[in-house]
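What follows are several structures.
Across the two complexes that follow, subunit A remains constant while its partner is subunit B and subsequently subunit C.
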Partner chain A sequence: MTRKTTSPLLSVRNLTVSFGGPDIVDDLSFEIGHGEIVALVGESGSGKSVGSLAVMGLLENADIRGSACLAGAQGAGGDTELVGLPARQMRALRGRRISMIFQDPLSSLDPLQTIGSQIREVLRAHTPLKGPALRARAIALLEQVGIVDPEGCLTLLPQRLSGGMRQRVMIALAIAAEPDLLFADEPTTALDVTVQAQVLRLLKGLRDQTGMAMVFITHNLAVASAIADRVIVLYAGQVVEDAPAEVFFRRPAMPYSRALLSAAPRLEAVMGGYGHLEAPRGQVPSPGQRGTACRFASRCDDVREGVCLAAMPPLVSIAGPGETNHTVRCARWEELAP
Partner chain B sequence: MGSGNILYVLRLGGLKLLLLLLVSIAGFVLLHLAPGDPLSQFTLAPGMTAERLAQIAHGMGLDQPLWRQYLHWLYGIMTGDWGRSFRDQAPVLGIIVSHLAATVELGLAALAISFTLGVGMGLLGALRSGRVLDDVTSVVSIVLFSLPTFWLGLVFIYVFSVRLHWFPTGNVSSPGDRSVVGYLRHLALPALTLGLVSVPVWSRYMRTFAGEILKQDQIRTARALGLSSGRIIVHRLLRGALLPMIPVAGIYLPTLLSGALVTETVFSWPGIGRLFLDSLQYRDYPVVMGVLMFSAILVLLSSTLAELVHHAADPRLRA
Partner chain C sequence: MTTAVLSVRGLSKTYVQRKGLLGAVKETHAVRNVSFDVGRGEILGLVGESGSGKTTVGRMAMRLLEATSGQVVLSGTDITAYSQARLRAVRRKMQLIFQDPSASLNPRQTIGRILRTPLALRGIDNDQEILETLALVGMSPDSLNRTPAMFSGGQRQRLSIARALLMQPELLVADEAVSALDVCVQAQVVNLFVDLRDRLGLSVLFIGHDLAVVGVVSDRVGVMYRGVLVEVARTADLFRRPRHPYTAQLLAAAPRHGAPLPPEPAPSQVSRAAEGCVFASLCAHMTSECLSRQPDLSEVGPAHQSACLRTELHLGGV
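And then the complex of A and B:
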């Protein structure tokens, strides 16, 4: 249910992040539409988390270049450039317009404050609510994220909740001020599979209800396929493929995407004793050793010396006329197309 | 409260009583093993005879075997009679109480200084982790930790009293001056001495505890939710780091007493510490043992109190 709009909600252009050394995130460009769920997929070290934290202004001691432009709130025009935004203004946006949840919901919550106190803390920071209205809003939020006994939950400390409940509370905190964009950094990775499915359903339901866009960071393609409208594959700090989910899972264009898909365990693979489960050989090149050619070349089965090792292939659009945008970074995509 | 809990409390209480008993035995034996004799103060008195001396020794109970002296003393302690000073026959408990105020005041002033500076430095170090300010606070802590208390006290006296004449060299008051300002001026140097040498205890623990919290995801999450830095520092960092400081305080607070021993001597501060050293010089056994037991009880009470406060202050332990 991608809502097509001409101007995206978030537009990241040539985002480059380094911590005084080589670039961790390198010339990253992508767009997030209003109400769209985009899965940011990649192995550890691909830059998906660092890129998101850079957009959120949560990186310290980082050198961030490029642009991340957040469209103005509905009815209030004026885009905001997030890169280089003064800390005070950035803080005013965080929680209110863009919010973020993380992998480990236990360590993300304050162990010393009750759930109610933590929700009120966020609500006070972003809304004028007071007294009974504040409490009512806190209860409504917990209801919204599917907590069965919201009033009882208010008085509990995080340690009394299960992992799934904690992540639900975390989501309630993140959406308390009704942000337009939610970064979800591996939010289901630490959870049981059944709970994972519940949380995914909850997040998707919240998007459908509120129209909030979401950047869903994951290394798990099964999770991505369950929630995403669009998939962006990152490799060694770059976007290597950006495609609508239904296209991506049917016919991925980049060899790396295909390798990722065939490495994902599916039921048939498990029944067959992981026999035809293929992992891309080798490792992601570290930030200092990425070279100037295609960064996947050293691990690619379809590598061709003159073509792939000559220069960095650009990100090219391969969508046919009338199709949704689909870009890929591969010099041989046409030859390799199935 | 289940029977298990009662058993636990009994065991804990029994253990602490046993500890006190051991401290008293060790103190008593060591004291009597030490060279010198309480009678020596009388031997040079004019007209002193051996008979008269034996009479005095008998009056003090010093002619009895050591174990009988100990049992006699122990019985007294248990029945609330801490004995009388060999020096002036005043009741030991009364002497201790009369010296207590000075030590408590000095201790509190030193605590205020060391706690404020220590917590502040630890917090700064953690917030500026790996940067210059972190190194500076670390070096200052190590230097303060390495300074001998008596040396620092003497340096302060030399600089601020002898050279600059800002503060008096010692004692609680100058003759004829009973004003609060006068008292505070007397308190300043000893409190600063004792306070500064105690800074590293707080700052190193605070640096560690705050550093641990800063590493937790909850700080990043709080920022992601748009909470202000001030709120995060006070509400999350300070609160979370001060909580584990309570048990540390329970262990550390009594060591103010041992610090006071030196500080009070250097600054002629009439507190428990100086009382202890003076009494030791006179071989005033009842007073020395009294102060020893009083300190031991204080140590045990302090750690127990800290446990209780910690229990009450940490919501995770209440739930």
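And then the complex of A and C:
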């Protein structure tokens, strides 16, 4: 599925974000390949949204260190460092090369403007299109995201659309300039299950058609499983596992990943009133209380004092020769491997 | 089964809207003819998509919202026609747990004060029961001196459950009570509901949109679609052998761990007829008879009811 070339599209290195206090996102490193869908999975406070907003230059008053390097557009060459990029240049990049959709489309759409005028505005900003060509492109975009009556939709105000339709319109706006990378932050969380399935199919289909890469931020592992080529698990501001999706769901290596998978109720394992979910005890440490050892140690059933509490385990590669990259942050991964 | 703690019969809610001063009257059927029982010590799940009427049913069952028609029976007593004054006396027996606990706990009061209020209503003036209840929901006694802001979302939900329990309810109505929680915390609170049912014999109407969550916690599950209760069955039966096409479609659309995206369901065939089955226009098994009337719930198997004319259908489950 992944159309990986040798160099990644986005390379995040040692990204650290704070807002004047303790680091919220801590030494985050990951890569997104061309045309790859990567699920960024974590609980609230894991840093998945803050990390992504930092990469997109959408955080105000944040202290951002490290690097986020976006590879040059096809044939254009020249990588762009996103951290510290002047606001004007960042704005020129957003929408055109990287784009985003959020959980609540209504807060991103102007309630007083028709869908048509909002799409035209985006197209005027990012393309040279005018007049009938502009209108034709707007209709084509709405068609592409599966809106049945695109011409009628152009004349409507956002409030007239259902949640699923609004999210489709948001996706149309986000892909209008054919970006290379789409950040999707919980885009299906507010949607009903049948509509969610439609939007997931749409996003995956768009990747297949256009080769656009996607960072899909979610707390829902089943959703991640439905769409992602690769899964990156964040815990307390750090990457704790990064694995191909099929490997991750078969044999997750980090105890926290296993805990997440067993805590999530599964449709196929529903027992009927005698359900008991395996939940790790306690809660995620807050940014000020993360300590210097493994951050999951206090909740981990496999914790070993001398090993896990001695130092912060590094993110190590555990992929065998010839296997796709798989990294994990656990000092005991080898002993614990099933 | 022993007598039901909650029994609703033919519950309906219709909103009437008039277009303009002399315009036509438009009726919206938010809930139509819903009947079910919640047995003692039973958790009945109610699932449905947004707008299916599940919250409206919960609120009518608690008489927080007047039903247009139908009957609400609490532990054998018909409370449908109770006045507000008489309701106050019975309302303690049914407690509502909301999605957002921070909105239902007063941020300026300590947990001690919040939890002493229900006891004061019962005329009790010592903390013994509070401490026992805190232990039951897995919170420590030193919570009492803190304010809600000092707790995480999961802990606040435990505290609002503790407050509800202090009223010694017979029925909890939990409306999306774990939906806002992170997966690990959600698992802890789901386990708490099951634990409370087992230890206290508590009855729960557990309303939610997440099939897997509702399935894990519930003894039986009811599925709502556009205001109609289309199927009720024991959880395992409903999930493995759904008998209503909507239930089957809902189950198929839910994403699963390590499974590919579910396929697109068959496109709609007909436009919706006002008198017909609510699901007819999207149903792959529709016949002409389905457009003529909305079927009532009827027995299709042991403790299994479905509101589908095509009772011969056996559909794919999980």
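The criterion applied here is as follows: the second predicted complex is superposed on the first by the 333 of 338 C-alpha atoms of A that agree within 3 Å, B and C clash if a C-alpha of one lies under 4 Å from a C-alpha of the other, contacts with A are read in each partner's own complex, and residues count from 1 in each chain.
Assume contacts are C-beta pairs under 8 Å (C-beta built on N, C-alpha and C of every residue); 3 or more make two chains touch, one makes a residue touch a chain.
What you see is a predicted model; the values in this text were computed from it and never measured.
Participant: So, does A:Gln196 touch the first partner subunit B, the second partner subunit C, both, or neither?
Facilitator: In the superposition, A:Gln196 touches subunit C alone.
Participant: Which chain makes contact with more of the residues of subunit A, subunit B or else subunit C?
Facilitator: Of subunit B and subunit C, more residues of subunit A lie in contact with C.
Participant: Look at A:Phe102 in the shared chain and tell me whether it touches subunit B only, subunit C only, both, or neither; answer first, second, both or neither.
Facilitator: Touch status of A:Phe102: first partner only.
Participant: Quick one: classify A:Val148 as touching subunit B (first), subunit C (second), both or neither.
Facilitator: In the superposition, A:Val148 touches no partner, neither subunit B nor subunit C.
Participant: Identify the partner contact of A:Gly163: answer first if only subunit B is touched, second if only subunit C is, both if each is, neither if none is.
Facilitator: After superposition on chain A, A:Gly163 lies in contact with subunit C alone.
Participant: With both complexes overlaid on chain A, does A:Leu261 touch subunit B (first), subunit C (second), both or neither?
Facilitator: second
Participant: Looking at A:Lys204, would you say it contacts subunit B, subunit C, both, or neither? Reply first, second, both or neither.
Facilitator: In the superposition, A:Lys204 touches subunit C alone.
Participant: Identify the partner contact of A:Ile227: answer first if only subunit B is touched, second if only subunit C is, both if each is, neither if none is.
Facilitator: second
Participant: Quick check on the superposed pair: does A:Ser44 touch subunit B, subunit C, both, or neither? Answer first, second, both or neither.
Facilitator: Touch partner of A:Ser44: subunit C, not subunit B.
Participant: Where on subunit A do the contacts with subunit B and the contacts with subunit C coincide?
Facilitator: Of subunit A, no residue contacts subunit B in one complex and subunit C in the other.
Participant: Taking the complex as given, what residues does subunit C use to touch subunit A?
Facilitator: Touch residues, subunit C against subunit A: 42-43, 49-50, 152-154, 182-188, 190-191, 194, 197, 209-213, 215-220, 234-236, 239, 249-251, 253-262, 264-265, 318.
Participant: Contact residues on subunit A for subunit B in the complex?
Facilitator: Residues 56, 58, 91-96, 99-102, 104, 107-114, 121-122, 125-126, 156-157, 159-160, 170, 173-174, 176-177, 183 of subunit A touch subunit B in their complex.
Participant: Tell me, which parts of subunit B touch subunit A in their complex?
Facilitator: Touch list, subunit B to subunit A: 216-218, 220-229, 231, 235-236, 239-240, 243, 314-316, 319.
Participant: Which part of subunit A faces subunit C closely enough to touch in the complex?
Facilitator: Its residues touching subunit C are 43-44, 163, 192-198, 200-201, 204, 219-223, 225-227, 246, 249-250, 259-261, 263-268, 270-280, 283-284.
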